[in-house]
Amino acid sequence: MSIRKLLGKNDTAQCHRLHEPDQALHIEDLTVAYEGKPVLWDIDINIPPGVMAAIIGPNGAGKSTLIKAVLGLVRPTAGHICIHGHPPAESLRRIAYVPQRSAVDWDFPTTVLDVVMMGRYAHLGWFRWPGRRERRHAMEALESVGMAELSHRQISQLSGGQQQRVFLARAMVQDADVYFLDEPMAGVDATTEKTVVRLLQELRDAGKTVIVVHHDLQTVRDYFDWLVILNVRVVAQGRVPEVYTGENLRRAYGGRIALIDSGTGEDSSGAVAREASR
Amino acid sequence: MIASFFLQPVAMILLTGALVAAAGALVGTFLVLQRNSMLSDAISHSIVFGIVVVWLLTHAQSGPVQILGAALTGVLTVFLTELVAGTRRVKRDAAIGLVFPALFAAGVLLLNLYARDVHIDTHTVLLGEIGFVWLDTMMLGSLELPQAVVWMSVVTLANLIYVLMFYKELKLATFDPQLAAALGFAPTALFYVLLALTSTTAVAAFDAVGAVLFIAFVIVPPATAYLLTDRLSLMLVYSVLIGVASSLSGYPVAVMFDVSVGGTMAAMTGVFFLLAFLLGPRHGLLGREWQRRRGE
Amino acid sequence: MLELLGNFTVQTVVIGAVFLGIASGLLGCFAVLRQQSLMGDTLAHAALPGVCIGFLIAGSRHLGWIMAGALGTAVVAALFVQMVTRHSRIKTDAGLGIALSVSFALGVVLLTYIQGQSNASQGGLDSFLFGQAAATQREDLWFMGGVTLVALVLVMLCWKQFKLVTFDPLFAGSIGLPVVVLESVLTSMIALAVVVGLQMVGVVLMTAMVIAPAVAARQWVKQLHHMVILAVVFGIISGVIGVLISASVRHLATGPVVVLVISAIVAVSILLSPGRGVLWSWIHRQRERRTIGQRQMLTTMYKLAAHHDDPYYPVERSMLDSFYGVRTDAILKRLHNQGHVAPASHMPTEGIHWTLTDTGYSEAVRILQSIGAEPSP
């Protein structure tokens, strides 16, 4: 067994060096299977730099798995993944990741500031401890998400929205080029949702690429400019106005979707979609 | 002829071992499926506390009072665990690991202080001595029977009756406790009765295999059966058979090497598990590999 | 009890207890936070066959060999649990139970095998079941201290990584940490705590020493490094008190005493710790409920007064009782003490009546304004 395998890195998802360097995320022929069942099947995705992209799809479509495969957290059965033309394992510092809030135990004994400083660990390397510079970085990020006063609070005392902002602040101190967020708007209050969207759009405007697993079909057109519709295979991808169509959504969600005409006389791409059954 | 059968040491040792295995497997199947295996570990440790307290109060080393006391201690253990976990200051697994060592430690200390000269010393507590079960006998009608055999038969029968009578309810409560509650099947009550039966089985098995070895008979045969079948009814049958086979095959091995009989019987359950884990046709390593090859 | 400390044997035992406290408090924190508390239980029981193997190799009760053997079988048990749960449908609880019971059974078999061979020095082995601090030798301390030091150095070197993997393994993986390796190391390190406690607490009760100091410490702190330090302190306190008690009373096994001391610390911590303690939050809730009751009472009386166009409208207590469905005299009495209401004589034949005072009236207005139920003046 090679060291890379032992450390959980994948051998199969090797990127041909400088393959498609113009794309922020380039995925080719990616297949991921659990226990013999395919979760993602033969996927090709291209996301250009500087966009804010949503990945949508029904439950079990493989949205989270896709992100985990890119980050090397699950091992693909086949395929290549490149971040700005490099294999993810070589460009980890260019990637920031916000897991689902439910992925961690919020009763863990640590403070808000401490969690945000974890975003600097990759830059610190193995044995250096976080110091004043990391602290300053973290405080700046907390200020931008509106959580500076709570920096010394124990994380178990945070509301869902505040937890999400802490996670976002941690991603921001990672100072990356590509941001992956797994359902950052799930179960948060309206203020937090606005803050999150504003900050993500600021990141995009600064030239970063933001890739979000999203669950709320109604807000796709308002928040995002790039869209990947997923259901084990890629149903459609591209700019939101071209891809966000009733036809594509129906293909991904099947009968589980109710299309309500927005009534403004637009074509089918103007339809507002609502997931009817959950 | 029957009377002489019950006075043969070897026959009695094997019979006791088989009864412990059968009784343990019946309750263990549900505990394993409910992902509560470690509660049997907690119960079997903390009943030591119950046994010592009952002994100090009544000087009964076995019999109905001891069995009742054990059932209460077992239920108390689980109740305290849920209470500690219910404060939400401690996770459930840590709560289990806090409650039973405290009760067990109290039991051992009471033994150290007040009961040093009786036969329930700390050694028996852990190891039991199935080799001597035929020495303690009692009269049942005109038949002279080993005490352990009598009490183990009673609890095995009780477990069997419970499982058969409430088979449908237990199945639902294990698979989907919320639905069971909605349908009025009182899954919590079923759960506590199951734990009370586990405790009574533990105390009856206590003389034979001791506190810790009993856990092997509750968890390992059902887990082995779980690797071999997907049906609850078959899982019950398989786990009883595997448990009994472990007991019966353990005895000659123990005699051959002149080591603890109870220990060897319990260790044999591990051998059966390993076989199923490696060679099981559907869920074993080899079976999976074969399926994977065929699938490609 | 203090003069005991001058005694050479007692000194040895106390130093051993300090090592025990450090190792179990330090490593227990990670085990508890990773929800691997019962792994401690399994590894402790799985140390028994290792104790016997170590004895068989050394041919005598040599703590170094015995600890090495225990470490070996405990790590094997940990790997067994990991493999079985990963490669079959067996769930973690059953995996832990299988490893615990089968390895302990093997230990019992080996123990009786050793006892079957007439070896003069086998008597000491039983003491590893429940611990016998008094049997600790000076040279044993080298092994216990050595293992404790290894644990300390490992945790200090990899503090950042251990903390991140414990809190958020997904994120840890995303920044390139070797999560699987770090998790295996953390799990195996529980075995280090177990072997340090063999002599003091014994295999059966070591589980409590892994879990309890960490759980007690968690109640008082909000940072991981504080938790670790406090857990170590609790571990040392219970270890030292435990060995001193068991050394001064004959025939008392050390393990149970230590475990009862640390259990008491846990109980006190869960009940009384400020902010998080069960008692503390109960009092807090009661106080909150009382304030809400008082505010409701004031606004009810205000509305009645407004309805009757009389700011001093006297309300009969029994009416308030039936309105709230509970007896209200406690609430009224407290409001009276605060000067918000006053008893009013209405008709002497009828029950007690209450009326708002001027401060009570303005307080009621303030409350209603704060929830937007009354327009601001």
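Every chain is named by a letter (A, B and C) in the order it is written, and numbering of its residues begins at 1.
One rule holds in what follows: a residue touches a chain if its C-beta (ideal position, glycine included) is under 8 Å from a C-beta of that chain, and two chains touch if they have at least 3 such contacts.
Just so it is clear, the model here is predicted, and its values are computed rather than measured.
The two chains most heavily joined by C-beta contacts are B-C. Taking the mean Cα position of each chain as its centre, A sits at the greatest distance from chain B. Remark: chain A and chain B have CA centroids separated by 48 Å (rounded to whole angstrom).
Each chain gets one centre point, the mean of its Cα atoms, and the points for chain B and chain C are 28 Å apart. One finds 36 Å separating the Cα centroids of chain A and chain C.
Among the residues of chain C, those touching two or more other chains are numbered 35, 218. For chain A, the set of residues touching two or more other chains is empty. On the side of chain C, the complex with chain B involves touching residues 32, 35-38, 40-41, 45, 84, 87-94, 96-98, 100-102, 104-113, 116, 126, 129-130, 204-205, 207-208, 210-212, 214-215, 218-219, 251-253, 255-257, 259-260, 263, 266, 270, 276-278. Chain contact summary for the complex, chain C toward chain A: residues 33, 35, 157-161, 163-164, 166-168, 170-171, 173-181, 218, 221-224, 226-227. Only residues 6-8, 68, 71-73, 89, 92, 95, 97, 99, 103-105, 108-111, 114-115, 118, 121-122, 124, 126-127, 129-130, 154, 170, 174, 180 of chain A touch chain C when the two sit together in their complex. Residues of chain B that touch chain C in their complex: 32, 35-38, 40-41, 45, 84, 87, 89-91, 93-94, 96-98, 101-102, 104-106, 108-109, 112-113, 116, 122-123, 126-127, 212-213, 215-216, 218-220, 222-223, 226-227, 254, 257-260, 262-267, 269-270, 273, 277, 283-285, 288.
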